[in-house]
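Shared between the two complexes below is chain A, which pairs with chain B and chain C, respectively.
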Partner chain A sequence: MQIKPFRLTLLALSLLIPAALCAVILFLLIFSAQAIGFNGFGFVTRIIWDLGDLYGDPVTVRGVLVPAGANYGILVFIVGTLLSSAIAILIAVPLSVGAAIFLSEAVPSKIRPVLSMLVELVAVVPSVVFGLWGIAVLVPFIGTMLGPVMSKYLGFIPFFAGGDSGGGYGLLAASVVLALMITPIIATTLLDALLQVPKENRESAFALGATHFEVVSKAMMPMVRTTLIGGIVLALGRALGETMAVLMVSGGGLNILPHSIFSPISTIASFIVSPLDSAEGDPTNMAVRSLAEIALVLFIITLLTNAAAKLLTSGGLHVGKRK
Partner chain B sequence: MHLNNKLRRSTLLRAGVAALALSGLTSFAAPAKAQTIVSLVESGSSLLYPLFNIWVEDFATNNPGIQITTTSTGSGAGIAQAIKGLVQIGASDAYVSDAMTKMHPTILSIPLAISAQSINYNLPGVTGLKLSGPILAGIYSGTITHWNDPQIAAANPGVALPANAIVPVHRLDGSGDTFIFSQFLSASTPSWKSSTGFGTTLSWPPITGEIGAKGNAGMLAAAKANPYSVAYIGVSYASKVKAAGLGTAALQNAAGAYVLPTPDTIGAAADSVSATTPPDERVSMIFTSGPTAYPIVNYEYAVVDSNQPASAYADAIRTFLTWAINEGNSPTYLNQVNFLPLPPAVKALSAAQIAKIQ
Partner chain C sequence: MSASASNAVARPVKPGRTTQELRRVISSKIGWIACGVALVLVIGPLLDIVWVVAYNGAAAFSPKLFTTSTPPAGVGLLNAIEGTAVISIMAMAIAVPIGVGAGIYLSEYGNNKLGNSIRFLSDVLTGTPSIVLGYFSYIVLVGGLGWGLAAPAGAVTIAILIVPYLARITELALRQVPVAMREAGFALGATEPTVVFKIILPGAASGVMTGALLALAISVGETAPLIYTAGFSSYPLDLAHPVHSILHSQIGYLTYVIWSFIEQPDAASHALAFAAAFLVMLFVLAINIGVRLAVKRK
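Up next, the complex of A and B:
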């Protein structure tokens, strides 16, 4: 009898999280319903974003009141989001795999906690700090050194031909900042898994005459592959949703698709922030509703990546349990 | 472990009781000291925010009964929150639009001070650049792409212009600076008005190499980091612009003269419209006709609902705004942010609007 209130409390608390999730989805759906109707499917295929004339009289288009000339399309932001996250993953995966293997194999176990804590510390640096570093260090570096060198020697590859590199703000800067932010996520997940690989597996591989490289690449990495994929997807989730750091270094591309790795871009998350203040000046409120619809699209994209992760790993995230 | 938990709980409990007692004390003490403390919230323009901060500090010492919290959220948010009644004073670089005024007729736009905007350039080896609205419109719409373009050369006889590509920098976030800049382009260049128009964010024409930056600080950083760039920055950043080594362009005004943003030329713009400012003071000071007027000048507005829910709020808002357009307009405050005081005729109109707040 005494246990009942305890159980009830737990039940209520545990229901709170799914309830909050449902509330968010419901809110987005209801709030953006009018925008979804107005924008139609073209919302995700158009490359124009125009709030229209917020200062003149609104007009009725397709049965709803909107500012004259309003036209909302987010293909540029979808492409920017996917490209910057993909490049960030491409940079981060080798870095973090290397870091994790180094920490688990090459570092004496006494120093390991210190070093791995340092890696974890990078994960808790607030994103605005990364953004500031990006503006102060990374962007000038790309603009004046890396960019010109890359376009000179790699310019024959279509996507690397930046001409003059566009000042450093853009896709590459955003991707590098994102890569730095997600590297510790992948590295720490992978490190935990590598340390869980049974001693017997390592030692028997050594006993068979395998070199250290072969032990890592043939005996250990296959065992942690699902964890690696899980870590990557976790990192991807962070990269897709990152707002402030990207906003500060992305160059804010608008109405134009990126044509090189140096092109200015906007991501979905950062674009929800940047025009919000102006959108609030829309007397018909359609601009804010369309921003809510963007949020819905971002939500769907992250949901899809997470579903993909579940499919790929099918429970493989819990490597720690099989000992 | 169990003991430890118990201990922790008891300390927590004690801390909680102490906190409760403290809060009780303060809430009892407050009404005893001054019976009517009115709390006002100011929210909006990041350009006005520094001025509000230095204002409120001095105002509070003289008016202990009125407490003002200042926040920097952006002009659009300031207007929206003032309309919703979430804040008592919305701060905005732009007046409330006709469409908004029609929907919310009790919302007032009250000028508090005058600000301006400089066009800055990062051109190694070039100083004293002259630009005009049509040239800037050409740069920002992608028809003028290089510094040695014939149109720029024609405005700058004798200046050795480099053949480099122009890097236009614009604001990424919603901004009163974008509003007045695009108003200037719209007023001076008909093709800009019909194609892009004006607003706090724009659907910028796509240009290879252009940069979007966040906030005035971001504009400054981007212009500094990119040789051959051009940017528009609020004059309150003038000292930082100078320190960054950026040039300030002289702009062609409606009378055809090239003028730099100085107190004299900004004041001339304000004087040229002060006689024709309508009673609701929603007027543009962009590209006015004065012979020495600087073309990008604007009022900084307080956006207030004239219909306040309680007279205590209305009294406090009137007291503060009256103080702001009188004592608050003294150079001790305005010079710190490079703003200019309201001309007497406009000050009278603002006072008349403030009196409407009930």
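Up next, the complex of A and C:
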């Protein structure tokens, strides 16, 4: 076989991508190995995150040197991540489905590019700017308007009580910001699919006497269902890993599970940022290693979510092409 | 949009309709209104973000923003603007050759199992949360290799983040170049590098440029991967020793200013955060709108 230096150079460049990915997994794994051994499976079921006594003499627990009283549990962050992402999906799905339907069917095709570009632009706003807007606009709105009103009229549902305290930072603010950030992902995925539905399917539904809205909701939506679910899972992957915006509006809840939609929370991603300064003060390095384990957990969760999205969307592509 | 469809909806409700028909027509109208409201709720916050940032950012504008650094060193953003420029340029210098090279490989020679697995892993890397990449760089580059908190560690992290985008967009752009162009090149006796660099890349130049610009917008807007790789400094680059200062000292950047100064209690800090957000938004939106308009015109 002839050796082609040009091709080999290009191949080497493209292999850097998988190499970077493998390096991320490998080094996070190696670095956190001691923490994985120390924390055991209880890591994901314990509630308390305590760095221990960083200034006293370290003690030996389960064969490794850790600060006295150190206890690393991330259940609070896992719950915060899953809850905020789930609520974000609940808010974002109806909004983006409605927006996509309106864009594909009700908007004149001359205005459509402008409006769909605006929807796409939501996705390019940097996360930290969403956080800034959250602090400047959304948090005061929840703290002074939405929260008290929701508690007054919906307070009989346990999860909606307590909106008049906390000032607006918390689970609801984080979920709303996340919802806004993932809406364009679902909406553009669905819009592309709706525009691909064959003309014949639309026309036969019209011929049966359906109203325009019935054509969309009963004939077209079922055809793009798989693509829609794929888009939702993709958006979920983005929401789970979102860091800055959530960090800025979530209130940074620690060591207590959220008991209402207004409780302060932390997500896995936002928590990795906040305690690193204090973790560096740990002479045994176990806190920094446990943070690496958190990063690994987050990586695995998003990897599984994105793999599911990929399977769904690649299967869903055939829907539009069916003759 | 078929004409019959809009007629069916717009026709006034006649008294001769059955209750069931009436119910269907009314619920259809409610459905359309709900969809319209949803669209407003999706686009509205974007417009509000642009408005809030532009209003507060413009109010904070002064020449000192560009001549002095963040407090306590000054009352401006000079250090952050310099830092964002340095980190983004370094990241692009690392990422563009790798990303474009990978894109060329995937488009020209990647129609096999190896190409498919690279594509798949590239998608996985795209989906990896940026804070995970930041933490990886913190333990490997900053700590493990001893680079310290400085621009190189930040730039490499951003490069890891944007290479998959560049590779994917380059691949898509190159696939738009007709096969006949490649064949014509080879028929004239051109070698593979000549065909790639003289025929295919020039033919796909606008697409590759688009990818590079979008990647630049991403790198300017990122925060999480930089916090524990680039650190932060309230002082501008030491122009007496620029290289040493870039390679070895902590460096400021605009997104960090947004994050940390909005959480300060005083109005001057808030104004600075909004000014930084204004600059970042201006840059990101200008690139994204410009690219979309240019693509549409073709």
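Everything below uses one rule, namely that the second predicted complex is superposed on the first by the 291 of 323 C-alpha atoms of A that agree within 3 Å, B and C clash if a C-alpha of one lies under 4 Å from a C-alpha of the other, contacts with A are read in each partner's own complex, and residues count from 1 in each chain.
One rule holds for everything that comes next: a residue touches a chain if its C-beta (ideal position, glycine included) is under 8 Å from a C-beta of that chain, and two chains touch if they have at least 3 such contacts.
This structure is a prediction, so every number in the text was calculated from the model and none was measured.
Colleague: Should the pairing of chain B and chain C on chain A count as a clash or a fit in the superposition?
Modeller: Partners clash after overlay.
Colleague: Look at A:Leu276 in the shared chain and tell me whether it touches chain B only, chain C only, both, or neither; answer first, second, both or neither.
Modeller: both
Colleague: Would you check which partner chain A:Ile300 touches, where first means chain B only, second means chain C only, and both and neither mean what they say?
Modeller: So A:Ile300 meets neither chain B nor chain C here.
Colleague: Touch test for A:Ile111: chain B only (first), chain C only (second), both, or neither?
Modeller: neither
Colleague: Tell me which partner A:Met248 touches in the superposition: chain B (first), chain C (second), both or neither.
Modeller: Both partners.
Colleague: Would you check which partner chain A:Ile135 touches, where first means chain B only, second means chain C only, and both and neither mean what they say?
Modeller: Both chain B and chain C are touched by A:Ile135.
Colleague: Looking at the overlay, what does A:His212 touch: chain B (first), chain C (second), both, or neither?
Modeller: The second partner, chain C, only.
Colleague: Which touches a greater number of chain A residues, chain B or chain C?
Modeller: Counted on chain A, the partner with more touching residues turns out to be C.
Colleague: Give one of first, second, both or neither to describe whether A:Gly143 is in contact with chain B, with chain C, with both, or with none.
Modeller: Touch status of A:Gly143: first partner only.
Colleague: Intersection of chain A residues contacting chain B with those contacting chain C?
Modeller: Comparing the two interfaces on chain A, one with chain B and one with chain C, the shared residues are 135-136, 247-248, 273, 276.
Colleague: Flag every residue of chain B that touches chain A in the complex, lowest number first.
Modeller: Within the complex, chain B touches chain A at residues 73-77, 79-80, 97-100, 102-103, 165, 167, 172-175, 197-201, 203-214, 218, 221-222, 225-226, 229.
Colleague: Which of the residues in chain A come into contact with chain B in the complex?
Modeller: Those residues of chain A that touch chain B are 48-51, 53-58, 67, 69, 71, 135-136, 139-140, 143, 163-164, 166-169, 247-248, 250-256, 259, 263-264, 266, 273-281, 283.
Colleague: Note which residues of chain A are touching chain C in the complex, please.
Modeller: Per the touch definition, chain A meets chain C at residues 4, 6-7, 9-11, 13-18, 20-21, 23-24, 27-28, 31, 94-99, 101-103, 105-106, 108-109, 113, 115, 117-122, 124-133, 135-137, 180, 183-184, 187, 202-203, 206, 211-215, 217, 237, 240-244, 247-248, 269, 272-273, 276, 288, 291-292, 295, 298-299, 302-303, 305-307, 310.
Colleague: Looking at the complex, which residues from chain C come into contact with chain A?
Modeller: Touching chain A from chain C are residues 1-2, 4-6, 8-9, 24-25, 27-29, 31-32, 34-39, 41-43, 45-49, 52-53, 56, 97-98, 101-102, 104-106, 108-110, 117-118, 120-125, 127-133, 135-136, 138-140, 144, 160, 163-164, 167, 191-193, 196, 217, 220-224, 227-228, 255, 258-259, 262-263, 273-274, 277, 280-281, 284-285, 288-289, 292, 296.
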